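Shown below is the structure under consideration.
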Amino acid sequence: MPWLLLLLPLIAAAANQLYLKRNAFIASMLSVASVAATFAISLMLLGKENAVAPLNWIAIGGFEIEIGLKLDQLATGMMVVVTGVGLLVHVFSLAYMADDSAKARFFTCLSLFMFSMTGIVLASNFIMTFMFWELVGLSSYLLIGHWYQRESAADAAKKAFITNRVGDFGFMIGILMLWGITGTLNFDDMKVPAGISTGVLGAALLCVFCGAVGKSAQMPLHVWLPDAMEGPTPVSALIHAATMVAAGVYMLFRLQLSIGSDAFDNFAGDTIAIVGGITALCAALMATQQNDIKRILAYSTLSQLGYMIMAVGLLAGEAGMFHLFTHAWFKALLFLGSGAVIHACHHQQDIWQMGGLLKKMPITGFTFLIGFLALIAVPGTAGFFSKEQILEAAHHHDRLSWLFWVAATVALLTPFYMTRLFAVAFLGKQRSKDADHAHEVGPLMFLPLLILAVLGLIAGYPFIAEKLAPAYEKPAHLFHFSGLVPITSVVAVLVGLVAGLVVYLGKERDPISVPLFRDRFRIDAFYDGVLVRYLQDAFAAIVHFFDEFLISGLIVGGSARIAEGFGGLFRRVQGGNLQGYAFAFGIGVILVIYFTAF
Amino acid sequence: MLALLVILPLIAFIAILAGAPARKSAVAAGLANLALGLWAAATWENSDHWSISLPVLEKPALHLAFAFTDGMSVIMVLLSVLVTLAALLSGKAPEGRETLYYGSSLLISAGAIGAFAATDLFFFYAFHELALIPTFVMIGLLGRGDRRDAAWKITLYLGFGSIILLAGLVWLANLAGTFDIPTMVRAAQEGSLSIDPATQKSIAALLIVGFGVLVSLFPFHSWAAPAYASAPAPTAMLHAGVLKKFGLYGLLRVALPILPDGMNAWLIPLLVLLVGNILWVGLVTISQKRLDLMLGNSSVMHMGYIFLAIAALASATATGQSNPLAQPAAVLLMFAHGISIAMLFGLADRIERNTGTLELSDLGGLAKSAPGLAFLFGMVAMASIGLPGLANFAGEVLVFLSAFKNYDPAAGLAPVQVAGILAIWGVVISAVYMLRAYRRVFHGPSVPSTENASDLSFADRLPVLLLAVPLLVVGIYPNLLLSLLK
Amino acid sequence: MPLALFWFFAAVMLIGGLAVVSLRNPVASALSMVASFVGLAGLFIGLNAFFVGIIQILVYAGAIMVLFIFIIMLLDLKTEEKRAPKLAPALGGLGIVLAFTIQLIGVLSQTPNKSHEPLDLVAASASMAGRSEGIASKLKAGHLPDVNLIGDTLFNGYNFPLQIIGVLLLVSTIGVVVLSKRQAA
Amino acid sequence: MPAYYLEALTVFLGLVLLMVEAFGPRDSKKSVGILAVVGLILILIATFFAYGPEAKPDSAWAKWSLWNFYNFDGLARFYKGFALVCTILVVLMSLDYRSILARFTDDPESENGTGEYYALPVFACAGMMWMASAKDLAGAFVALELVTITFYILVAYLRRNVGSLEAGVKYLILGALSTGFLVYGIAWIYGATGTMNLAEIGQSLSLVTFEGNVGTHAIPSATAGLADGAVVSLDTTSLLFGIALVLIALGFKVGAVPMQAWIPDVYQGAPTPTTAFLSVGSKAAGFILLIRFLNPLLQAGSPVAPQVLSMLGLIAGATLIFGNLAAIGQSNFKRLLAYSSIAHAGFLILALAVWKPANESGLGSVQTVSFYLATYLLMTLASFFVVAQVRIQDGSEEIAALNGLSKRNPILATALTLIMAALAGVPLTAGFMGKFFVFSLAVEAKLWWGLALAVVGAAAGFYYYFKVIRAIWWEAPAASATPISLPPVTRGSLVILTLAIVVLGVWPQPILWLLN
Amino acid sequence: MASLHDYLLVSGLLFAIGLAGVVLRRNIIVMFMCLELMLSAANLTLVAFSRFNGMNGLPDYNGQMLVFFVITVAAAEVSVGLAIIVALYRARQTIHTDDLNSLKG
């Protein structure tokens, strides 16, 4: 039964690719059916911990790599999130991609993604994680590059894949080192033996963390995620907001569970937390100056992922996973909502070209509003509960309690830029023809929005979270507005909200301009201009030159020239003159006699 | 029976020379060989009709002997027959040159199979050389671009490498007193053949350089890319896919079992060179402007990984540790790389035939007009950069695991592991160049050369699928292949 | 042979040889060579090799040198003399000859010397008694039957190489004929 | 049949040929050549049935003094057969070379004057066969001179061709020079050992070594300090002087550096069949003589062995380097083959410089040299067949004349490719086995620098032989080039030789059977 | 009486003179004559050794045998050689070594 989780999407993908390329409708239906089925199975398996007999993938001598499924609360809960969001996105896509010429390919890739993501979630060992890790990278590449004829989409796809590969470089090293340290690749058996120095262990964990940095788009490898918005919006919702990007958090937490959180209680965990905190802060700052509706959401995703990573680093993985759980719903909601808006506005994505959409598209608008509230963590929404836990964790950490203030700043910035988005796009009046012509989307699109809106409201309450969330620690009080943390949090939300409204409500253009934020701290420019162009391309060209010049030309060509030079010299001896020959003969005689007789 | 695998292509070659229809005879031989190869893979263990030994010289005792010593030979032979058939099917001979075209391919194939199946050191070496001549001729005669320079370069390099190798092998056989490889290995393992470390070191140096040149070990790699870029498709497929593996096979078959200390003595230089293969050549690959040159360089680069497994094995056996992963890793990656690079060259040839160019700057948006080609090329490109589910990944991951097999956290990183870490960076590099190339060729808006390019026909797909299916099957279930190694 | 006579013949031979090398006119060279061979023949005779000495005069000085002179005349080589000798090759050549001579002296200095013992013809007669009575009796009489002894050795011991020499002469005859047949018109 | 009949028959055949030439038709000398081939083949067959005095010790002829000069053992039989095969092929080549021969001899319009060209090789063959049986330096000298003088004539045979005459003169002067050294060397050896018989020379050397005081006249002071090699070598100076001079002369015959100067010019200028004969027959005769000469000198315990071996090693190294490197830049095919012949001499001398007797595991130096020469015969004669035909049909001996041969005659192109590959030493061709054995010998003797030079040489060999292959396949034919068609004799010979190259490359045992 | 060394010395000097002629002279006929000088010098060496290696009171006639062969061979060589030289002269009108350079490299 659990195998079906893996097999169904794979079968759908394979069937679509092999047989249904020209029959987009059946292809899409097959994909939707498979994801619906897996969702049902996931619900059935929820909370089960049955061991499934693994398959031997590689077996050499005593060494084995298995393909096994690990079922526990974490995995099954995550499955529900993945398949749940997945199902809704599939349904949404049916409408969103209805007119696309490559609809079959799109659904093939979606199914491939579902397969890969399931693999990560259920993986029983690190190699298997890594395999599916790469496969989600592939599906992400394919989906970002869905409209490959657009230069920007093709570039973004490439960038996403390569950036992830950089992270995987560390990930692979980390896996290998952990294998050396613990002697196993299986999550179940991982134990840190005594006598391992903190330095080695921490280094290994940080290497593994590199993988998460890439996949979950943490600084400094975050650059691919905003660009990934070139993909169709449902993809952004599913992959680049709710599930795949969270895989890094999931993987780290899975590791934390297996190896014990003590292993992280050193510079490794601190580094993770700090990277998460910085990402959260920087991404929030960047988000304040973006104009593309999807990019704003993308940066907000970055920021929220930073929260989660920070939580894991602070040894509060449960809080991180809980946030992952709630975030998945409302961020998917926001993306799908933006998708509906974009769909309605004829693929207009600039918020300054929108405006007053709440009137034009009430259902979309209101569901978007719910997502917005959940994201900025208004008390009572799902986001509030999870964020609260992260802030608590930061506050209580021994060494890094200053991260609490970072997190609080992010909590203030989030409402600010989200309010900017909402106020500019949905309130006020229409600022362009595209916005003028917008109208409410069809039921296939708004139904998922409604469902997600409901979940975005209620997912944080214990009665849901205890059942569905991959990891959840029930707090002592649900609403407890005393003490530093809750008060700071509420104040931050209020201040951010009000500031946003004051600055942006009814504005025609952006009154604030911070080029540094708009240019994303110039990190992308730095990468393109310095790392790629100089460090990589120029260096490669130099190496290429030396390869041709030094190795091919000098060393090899040189020895050939030496040989030819000697040859030429010898040929000059053969000058054709008999006298010369006799002379050479004479010298030879002298030499032979000398060496033989003396 | 095994001899039949070698003889069939030769018979077909002679038949073609004698006037039989070239393509048909060649494909028939290829098909028969594929069937034989599969049969061999299934039955080689429980049947002794797979070995044959004919004495050809009394003193020193040489035998024209073929046998499956272990699964490694089986896998290499399997690789050979697969790529051979694909190469025969996928190429298109220029008008009037069918005889040469198919004849040479058959000769290369026969040589490769002979080398992989021979148990006599002499014929092991000799068959490989036999295969080189038609390679040179094909590149020089039917190649494209700077075919003469490229052919000249490969001729000189491989000729020189072969001679150095010969010196090493002769020395080895002289010390062992026999040319029979299994006997030699047995003697070395039982201790009855003990070669002092200094001698081991010298022989190992000759073998590393000799085999290394054949496998384009850095810095002896300059021949490879231009040769493959110029070679006609079947030649590039057969050489890069199959014949080139001979050097690695030789190190695994001869050098490592017989000269463990010698190989270990060169561990550090070997590691430096293989990292050179991966990083240096990797960077060279990035800066290529033509698809074929890029593929040629990439095949050089990937040799570094297999060398890494060899180095891991060398460092383990000499220190008395065991590394059961290294040899399967190397074999698996050889197989996977052979299949994938053959497929890449085959498809690159299709791209050139369909668009008329391989300059990256002249291509673009081919996925629109030729989606089938794009899909298959994408698949094999992904395979070559190590995407899970395709055979290369299993090989690469095993190689990395083998490098870390004897990792001792308390002692810190050994040289092999340092090289392993640097090699993993190669995974990034290969992603960079491969995706860039894919991006330039298939993505983006269409350009004049690709607007009306035709897609693969069914007949075109056949050879590609012949390679793609094993790539996928082994990738999904590597045990299928690895079980042959037990 | 008295030492004085030895040095006389040696001087004739060597000066003749030097003249061959140094005289610019080929005819003069050839004639010097004849002189040199006369000296050589004298040395042969001093070594009790009478027959060889005579052959040297007859065949070499008589026949071969005449052939040389004949050819030189035939080709009318006078015009050849005018070329200026080149210095560097000449010095190099002299260097080689000098080095060879030094080596020769070096070898000689390490070769055990032998003084000139008179022939013991009586003992020789005893040893030849079983083989050839004629020779033995002549030896006993105090004569050295050089020609007899040579004939004995040549035709008994060395008849095989002698036959090869026959073939060789035949071949050289054919060769001369082939190489100097009249030109076709 | 007693073995000495073989040469007698050969000489007789030569006389018959001269008669036929003299009294046969004036304008067609083809019959002379065919008769020569037939006769030589019969003698070749007879070679297998010849026996020495050991077989019939009671017969009268077994007691002749002939046997002081004439050795008949396996090696002699092999090299006699070798000379015969070589001569047969050369005469066959000459048959197809008639047109060129006719053009540059008496009468360009007729074959009158070419008849001797078939008879002379037969005499040279007899000389080579005698050389193979050499037992005495005097006998060897006359046999050698028979061969040499015949070659003077054969080289200069095209007396209306300046190149041929120039080659003839160069060969004449340098050959005579080497003869001078040979005689002088023999004189010194004779002086040092008191004998010219090789076996006795060996005896005198072994006496000195093993029994100390017995060497009465040869090396008088050899009694002192035999254990000390230095002392012995001091007293053997005169012998070594003689050996050095003889080595120079024999080195000249086989084309060893520094006595190689004549080879390229003479090979290039001489008529192609003569070149082939020189490069195979004369060289092989030189080698068998060298082997016979070295045999007593290099016997176990010989006091001169170290110096002789090191000399041989030096010569081998110099020859390998010179031959191979100088060949790289050649553009004339015949000249290339000349340098290649020097290069091969280097490999052969390297094998001799190891001087290893045959043992259980492998071939000895002598067998290796013989084997190598046998394969060398196949490859070299085959390539000269091609050179001859290209010369006749294209009027050129440049490598460039082979451009695009693959289009002009694919079969010939394939054959020539195989031949060149064999010369370069590509495995599974006969040429490889020889090099392989030489490498083995060098390894076994731990002659590392020799091995290194051999490797460098072989690598360079790849370069220049493949230049020919490059011309055949990769270059476009000249606009004026016409298809090349092979006359039947050449075609048949080429097919047989090429097949032999391939078959012996895979299955070399037959040559070794012949050798034992 | 002259000793062995005396004979060997003069014969060696004659040989060296011959060699000098071959190396220095550029007239082929003279070169050829010098070669004859060398052969004669070798003959003298042979005869000297034959005389001084004598046994049983007689010179060793084995050594003298070679002298005869050498003389014969020299005669044959001269005849063939001169024939070639004449043919060359007919074709080129020169017997100067500097003019023989069509074959080289």
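Note that the chains are named A, B, C, D and E in the order they appear, and that numbering of residues resets to 1 at the start of each chain.
One rule holds in what follows: a contact is a pair of C-beta atoms (placed from the backbone, for glycine too) under 8 Å apart; a residue touches a chain by one contact, two chains touch by 3 or more.
As the structure is a prediction and not an experimental result, all values here were calculated from the model.
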Determine the shortest chain-contact distance, in steps, between chain A and chain E. 1
Which chain has its Cα centroid closest to the overall Cα centroid? B
Select, from all pairs of chains, the pair with the highest number of C-beta pairs in contact. C-E
Quick check for the class: compute each chain's Cα centroid; which one is farthest from the centroid of chain C? A
Most remote chain relative to chain E, going by C-alpha centroids? A
Could you please state the distance in Å, as a whole number, between where the Cα atoms of chain C are centred and where those of chain E are centred? 8
Starting from the mean Cα coordinates of chain B and chain D, work out the distance between those two points in Å. 43
Using Cα averages as centroids, what's the distance between chain B and chain E in whole Å? 64
Round to the nearest whole Å and give the separation of the Cα centres of chain B and chain C. 71
Give the residues of chain C touching no fewer than two other chains, as numbers and ranges. 89, 92-93, 96-97, 100, 103, 106-107, 111, 157-158, 161, 165, 168, 171-172, 175, 179, 183
Residue numbers in chain D touching 2 or more other chains? 138, 141-142, 145, 149, 152-153, 156, 159-160, 169-170, 173, 177, 188, 191, 237, 241, 264-265, 329-330, 463
Can you tell me which residues of chain E touch two or more of the remaining chains? 8, 15, 18-19, 22-23, 26, 28, 31-32, 43, 48, 50, 52, 62, 65, 69, 73, 76-77, 80, 84-85, 87, 90, 98, 100, 102-105
Which chains touch which? A-B, A-C, A-D, A-E, B-D, C-D, C-E, D-E
Residues of chain D that touch chain B when the two form their complex: 358, 360-363, 406, 410, 414, 417, 421, 424-428, 432, 435-436, 439-440, 443-444, 451, 454-455, 458-459, 462-463, 466, 469-470, 473-474, 506-509, 512
Under the definition above, what is the set of chain B residues touching chain A in their complex? 156-157, 219, 221-222, 280-281, 283-284, 286-288, 324-325, 328, 365, 367-368, 375, 382, 386-389, 393-394, 397-398, 400-401, 403-404, 407-410, 412, 417, 420-421, 424-425, 427-428, 431-432, 435-436, 439, 442-446, 477-479, 482, 485
Chain C to chain A touching residues, read off their complex: 89, 92-93, 96-97, 99-100, 103, 106-107
Which part of chain E faces chain D closely enough to touch in the complex? 8, 15, 18-19, 22, 28, 31-32, 35, 38-39, 41-43, 45-46, 48-50, 52-53, 60, 62-63, 65-66, 69-70, 73, 76-77, 80-81, 84-85, 87-88, 90-92, 100, 102-105
So, in the complex, the side of chain D touching chain C is made of residues 11, 18, 65-66, 68-70, 106-108, 113, 116, 119-120, 123, 126-127, 130, 136, 138-139, 141-143, 145-146, 149-150, 152-153, 156-157, 159-160, 188, 191-192, 220-221, 234-235, 237-238, 241
